[in-house]
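Both of the next two complexes hold chain A, though its partner changes from chain B to chain C.
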Partner chain A sequence: MAGQTDHSLSIFSAAEVEFIAEDEMIEIVPNIRMDALNLLCGDFGPFLPQIPCTVPLWLAVALKKRGKCSIRTPDWMSVEKLTQVLEAERESPREFQPLPFHYVEISRLLLDHAHDDIPEVYMVRSLIEDIRNVRFHKVESGLETISGRTHAVKLKNLSAMEVNVVRPFMARVLQAFYKHDSPEMVQQADTSASKRPQVVDRGPRVSLSCVTC
Partner chain B sequence: MGRLLKLREAHKTDAPATCSVLWAHDGSHLATSCASDTEVLIHDLSAPPPGRSGSTAGSSPVVLRHHKEGVTAIALGPMAGPLASGSFDHSVKLYNFPVGSFQGNVTRFTLPIKSLAFNKSGSLLAAAGDDDGIKLISTIDLTISRVLKGHRGPVTGLSFDPKHDYLASIDSFGTVIYWELSTGKQLHTLKSIAPNYNSDSSVLNTLSWRPDGEMLAVPGLRNDVVMYDRDTGEKLFNLRGDHEKSVCSFCWSPNGKYLATSGLDKQVLIWDVDLKQDIERQKFEERICGLSWKPVGNSLAVIDVVGRFGIWDNPVPVSMKSPTEGVVLNEPHPLFEDEDEEEVLGKGISCYSGSLDDSIEKGSGDFSPISRKRVKKRGPSFDEGEEVLQEIDSRKRRKESENKREDGEIRERAVRMQDAFQVGFTPPQQGKRRFLCYNLLGCVTSLENDGFSHVEVDFHDTGRGPRVPSMTDYFGFTMAALNEKGCVLANPCKGEKNMSTLMYRPFGSWANNSEWSMRFELEEVKVVALGKNWVAAVTSHNFLRIFTESGLQMHILSVNGPVVAAAGSGDLLAVVTHASDCLSSGDQVLEIKVFNINEATQTISGRLPLTPCSHLTWLGFSEDGRLGSFDSKGNLRVYSDQFGGSWLPVFSADKARKSEDENYWIVGFNATKLFCIVCKSPESYPSVMPKPVLTILEFSSPLASSDLGADEVENEFMMTNLQLSEIRKKIKDMEAFGLDVTALDDEAFSLEVKLDRCILKLIASCCHSDRLVRATELARLLSTQKSLKGAITIVTASKLPILQEKFSTILEERMLDDLKTPEPIPTGRSNGKTAYSVQPPVRLSPMMEKSPDLNNRTPNTIKPQIKPSPATETLKLVKARYSTPENLAQGEDISKERELGSKLEKVATFVKGKGNATSEVTGKDVSSSATGNVKPELKIPINPFARVKKAT
Partner chain C sequence: MPGYYDISDILMEDEAVSVAFHVGANGVGLLDPGTETNSVEKGAKIDLPFWLAHELCRRRAVSITIPSCFGQKMKKDVQADAACVDLGTRYPYFYEFGCKLFPLVGDKSIGLFLRHTFANRYKEMLSKSHTASLNAIPKFVLRLSKEEYQLFEAARSSMVEFKKWRVRDLGLMKTTIVGHKRKTDLH
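Right, the complex of A and B next:
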């Protein structure tokens, strides 16, 4: 169900979520000597060869593409850690393991651009895919349990991409249940919806996703 | 080559627990205990049980149920002496052995007991555990004769020296202490030589004296067993072999010729200690935690962590000497004393291995088919055993020689003069690439392959460094030095054919074939160094040979002694030599000389200080030309011109270390930081792959812990002071040559500001802890008046009117002084600034003209009144420098902009005076521009969204 949610209904596209994830910090080992970069989002560097420093992911990827650094794989992206997480995910069907909020995007970016810096890259890739599948499956099976009496769903440790996929569906479902539960709310909601037009600059998909508030 | 040994369950355990096993002196009984079982069992081996063949113990062992909790340790007195047991229930009990009748409680502890030991005569029992202190109990009257305190953690192993001089003890942190029994003093404390099991209580560290008392065996950090000398506590050698994990338990054969070791890898190995090689091994299902040699005959009792024990017959191959041969028994034993050893052995074999074979025939499931074959094959002939031994021999020979070399090194380090070493090298490893030289610029690596090596040169900065093709090396280079322009390689002489060669490879040259090499007959290159347009080599003849870049032999000097290390940078070459033999305390006596090659002068000469009992491990120059040395105890010393040239300790690995198992392999340093590669113990040097990553560590002076509680600030104060003095010296030097010092002066100025900030923080903490005199002293050290005013604000805020008055007096004096000596930069201190007296005198800054009201402490009244005008280029630069936000000391409420403003105004005045420009700036203008950010200099076009999506 949620897996098949139309991405056009999401508030953000996958690329946009990835864009947000690019602000996450990551450690790189530069192989060039460069002065500090004073950017709007902060000062990074100075860059000295073989001395690790922390930069935003977008900068790391930009430098990596030019062969100016190697990216240090975050701790959670080691085969050992991922195996642990995968096992734990499989063992507890109702809980999500704590992973970085942007783990899907970060791992995707690193696997795309810095695959030569990741030890056992194939293993890491397949593990992350497995973890993602297991978690999506959990979300889906969780959605099946939503009934008329559900007013809220609490999902801990859900990552950005996962939230992004299920958010519109989930919100609409809950709203629908709520609406059908209390007929007087339907009218109120209708009136409020008509009074307050939706933000238009977000494009049509926003108005689709937010039926009522 | 192990057959599977059948183990019998003796103790029931739910979880793995430490179990122990002991033989009676005549081999007739066996005592076992288990930490998760309250019982101690005494098995009678002499009476074979009815109906069970192949079983190793009697039908019904004597059960001793006296403890309330698990028995953690048992010990047996000599000659049918008493059996002692210690337990989690904090008590030590004695029993008659082998009858098993209860004799009495020996002592009580407040915490669980972990270890027990009898001395050789049986008169003393040592007991220890989680309690603080080892108790020595006289077994005659059961009184505590001494308590030995010194271990920080639970004591898990005790062993009495068979000659009754010492007691050795080990704790779970891996620290071994030698105690002198006569005085109860600690003779040697060997820290962290054994694995640290503090977090893992299931493994207990143990140690054991060789029966002749000449050496002490301790489990080592590298899956080995290390032997330590009886008297000096020095490492003698180690037994390293096929254990894949740490050794957790071992036992000496009665004659001390063999050692049985069991590891966490569930193997038991038998070692021939003289040959330092393993001769037999056996794999078990569970970890073996207790071992005991049969005092008579060739058998080994083992017990595993689940409480199952067994007897391994003939652990020492029958073709070899018996483990009991040459044992001197205290009391002549009627049965075996006069009998021929061979006969005893023969008996043992026939009796025990016979029963073993029986059980094989009956198809016991415990035996794998392979092992059955092996047993059968091994059985008959001695020749085959010999063959196997030879095979082991050849397999082990290389390892053994390695071990020997290693041990030799260690010994040498302890007592002899250290060998020459090349800075930034790592020792050779079989089949692995290693560093010939590693510095901040790049590295030279070498991989040996079929008699010749491949040498590669890599620069860390791939953008700037030249690409150097890899080279096949037929000489076997072991030394290298690298800089931007080229690298020098050298090999030691190996016999007559392969003489020592020095080779220089320039990375870029306009002419072909500019590589050159030199050969040395009957002389050996010990170390090489590289500088600007010169190559240096120090040889075994104590010659310092200097070549030019093109290979011209320029100078040959004699150095004072055998060389230790050399380092070059720019024009400077530092050479460390031995000045004399080591001191009796083990300290190296080293001498250092620094030459300026291009000017043919000597700049530094003197002794090189080292931490006691350490040796030099690194020597080098920082990028700004400061000399530093690093020793094996992890202390970095930097040469400073202060006090007529002295070495200042600026870093100590002990302080910086975050965890016990970190080793710092230094690569370089700069004015405030150390660059090193962090290696996890037991590795003490990095490997080439994966590429090591440098770690930056801040300098820290070895400050005494003071009452201020502001160690960090004090450290910063020291370091900034040091930096400042360095820069001032440099400015002075450059002034002497009439060079432009503007950039350096800016740097000095910013350091002064940093120092002032530091002092203000110190004043604040002095005020907190009521150190008024010290605060006054600190206030006198402040370099600017603004800071002094800040200090006054601090003391006002902390309501210290006395200090306030003092400070005001200082400020007043300052101002008067300044008025008397009109200088372009009206800072109170004149040291280092005297250079500017050559500048044309300029008009005083308005701030100086206006004599401020000292009682009015709001600095608003001293606002400078200068007209605005365009700022010069230099001023822009200065602004940029001060654009970083400044964190002022707590409690200080003067606005930082204002302070900056006034500083900048001073600089502005200076600039104006220098350039004869009429640029004047208001404080306000400067402050507003000072807060602005420096324009980003982004060289690469990057994600355009990213740059704007986050505002500072």
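Right, the complex of A and C next:
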């Protein structure tokens, strides 16, 4: 079947998703004096020592590597907040907690380059790993409930990297189910009527926002 | 035709099906190893490749009998345990073949049967494909048909790539990423 060997379902590579994530803004505290930077993406004001300012993540990491600033951890990356999120994730088996869209990439960049700026860095690292694992297992268990009648799958609050990982698999699975179901729908019109209510009230509707890319 | 240039379609259509001729055919005795004259008798039962059988069936020259892979024995195997049925070695083009065969043969239950098989095997495949590592090829992969194998590859390659990205720069600090062992992880 042509749809199964369709290579236009290619994914972004992980590095590309990281590149897109580097546009997120983050707060830094420079320790040097520098003039304003007038870039295409915006102007980043004159840097004065010890005065915090907001810059894109790629700029923050570049400055940090040269030892010209220290990065201030975003609010959501504190141990308390992450513990709360982890508890909430474990308690609700169907919903995902709201987290920044690029939390995986941001946390990885910060943990790699700015680990001395983050309080309790090992705790933060292991908490983020746990959160990621729990969310991914939720995605998998949600995917188990896809049947032939699924037109769209909605995953609310899923982050960019997680979407990227499941995108090719999910798109192919939906295509495969669609292919298998269409001619038979005419014949099993009587048996499928009883299945319909089950589809409607199923928990998280997983949205096809990934396939449209 | 969408699958005309598709290589897996071409390979799939090479599968043999058993057909019964409605009419006699001259000059094609090659197809029937048992004839003395260079022709095929009416009512003879011969194995033809699917692409040939498909065309002849459209012209109503033959009627196709359902091959064994969709027969009763297979249905019993699937009912027993869908995930253990070995589609990889015996019928790698199980689903595609069934979909092509379905409109030509009188048996309407093939469609349901295909979907039922796929749905059951899919559940088993789901968790295993994401946690499989790059080097180890779990045994169940050999049991997958071509279509299922592509699903499996898609999931596995994206997962592996993500993992590689994660430990990319860590170097000596790789051991700090300690994962909890979960029962769905494959070794």
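Here is the rule we use: the second predicted complex is superposed on the first by the 172 of 213 C-alpha atoms of A that agree within 3 Å, B and C clash if a C-alpha of one lies under 4 Å from a C-alpha of the other, contacts with A are read in each partner's own complex, and residues count from 1 in each chain.
Please note the rule applied: a contact is a pair of C-beta atoms (placed from the backbone, for glycine too) under 8 Å apart; a residue touches a chain by one contact, two chains touch by 3 or more.
Fair warning: this is a prediction, and the values are worked out from it, not measured in the lab.
Engineer: With the two complexes superposed on chain A, say which partner A:112 touches: chain B (first), chain C (second), both, or neither.
Structural biologist: Touch status of A:112: second partner only.
Engineer: Which partner reaches more residues of chain A, chain B or chain C?
Structural biologist: More residues of chain A are touched by C.
Engineer: Is A:168 in contact with chain B, with chain C, with both, or with neither (first, second, both, neither)?
Structural biologist: So A:168 only meets chain C here.
Engineer: A:71 in the overlay: touching chain B, chain C, both, or neither? Say first, second, both or neither.
Structural biologist: A:71 contacts neither chain B nor chain C.
Engineer: Identify the partner contact of A:21: answer first if only chain B is touched, second if only chain C is, both if each is, neither if none is.
Structural biologist: neither
Engineer: Applying the document's definition of touch, where does A:127 land relative to chain B and chain C: first, second, both, or neither?
Structural biologist: neither
Engineer: For A:180, decide between first (touching chain B), second (touching chain C), both and neither.
Structural biologist: In the superposed model, A:180 contacts chain C only, not chain B.
Engineer: Any idea which chain A residues touch chain C in the complex?
Structural biologist: 1-2, 4-5, 9, 11, 13-15, 18, 108, 112, 122, 125-126, 129-130, 133, 136-137, 140, 143-144, 147-148, 161, 164-169, 172-173, 176-177, 179-181, 183-184, 187-188
Engineer: Can you name the residues of chain B that touch chain A in the complex?
Structural biologist: It is residues 459-464, 675, 690-696, 933-940, 942-943, 945-952 of chain B that touch chain A.
Engineer: In the complex of these two chains, what residues of chain C are touching chain A?
Structural biologist: The contact residues of chain C facing chain A are 2-3, 6-9, 95-96, 99, 102-103, 108, 111-112, 114-115, 118-119, 122-123, 126-127, 129-130, 147, 150-151, 154-155, 157-159, 161-162, 164-166, 169-170, 176-180, 182, 184.
Engineer: Flag every residue of chain A that touches chain B in the complex, lowest number first.
Structural biologist: 19, 22-23, 29, 31-35, 37-42, 49-52, 56, 58-59, 62-63, 66-68, 70, 72, 119
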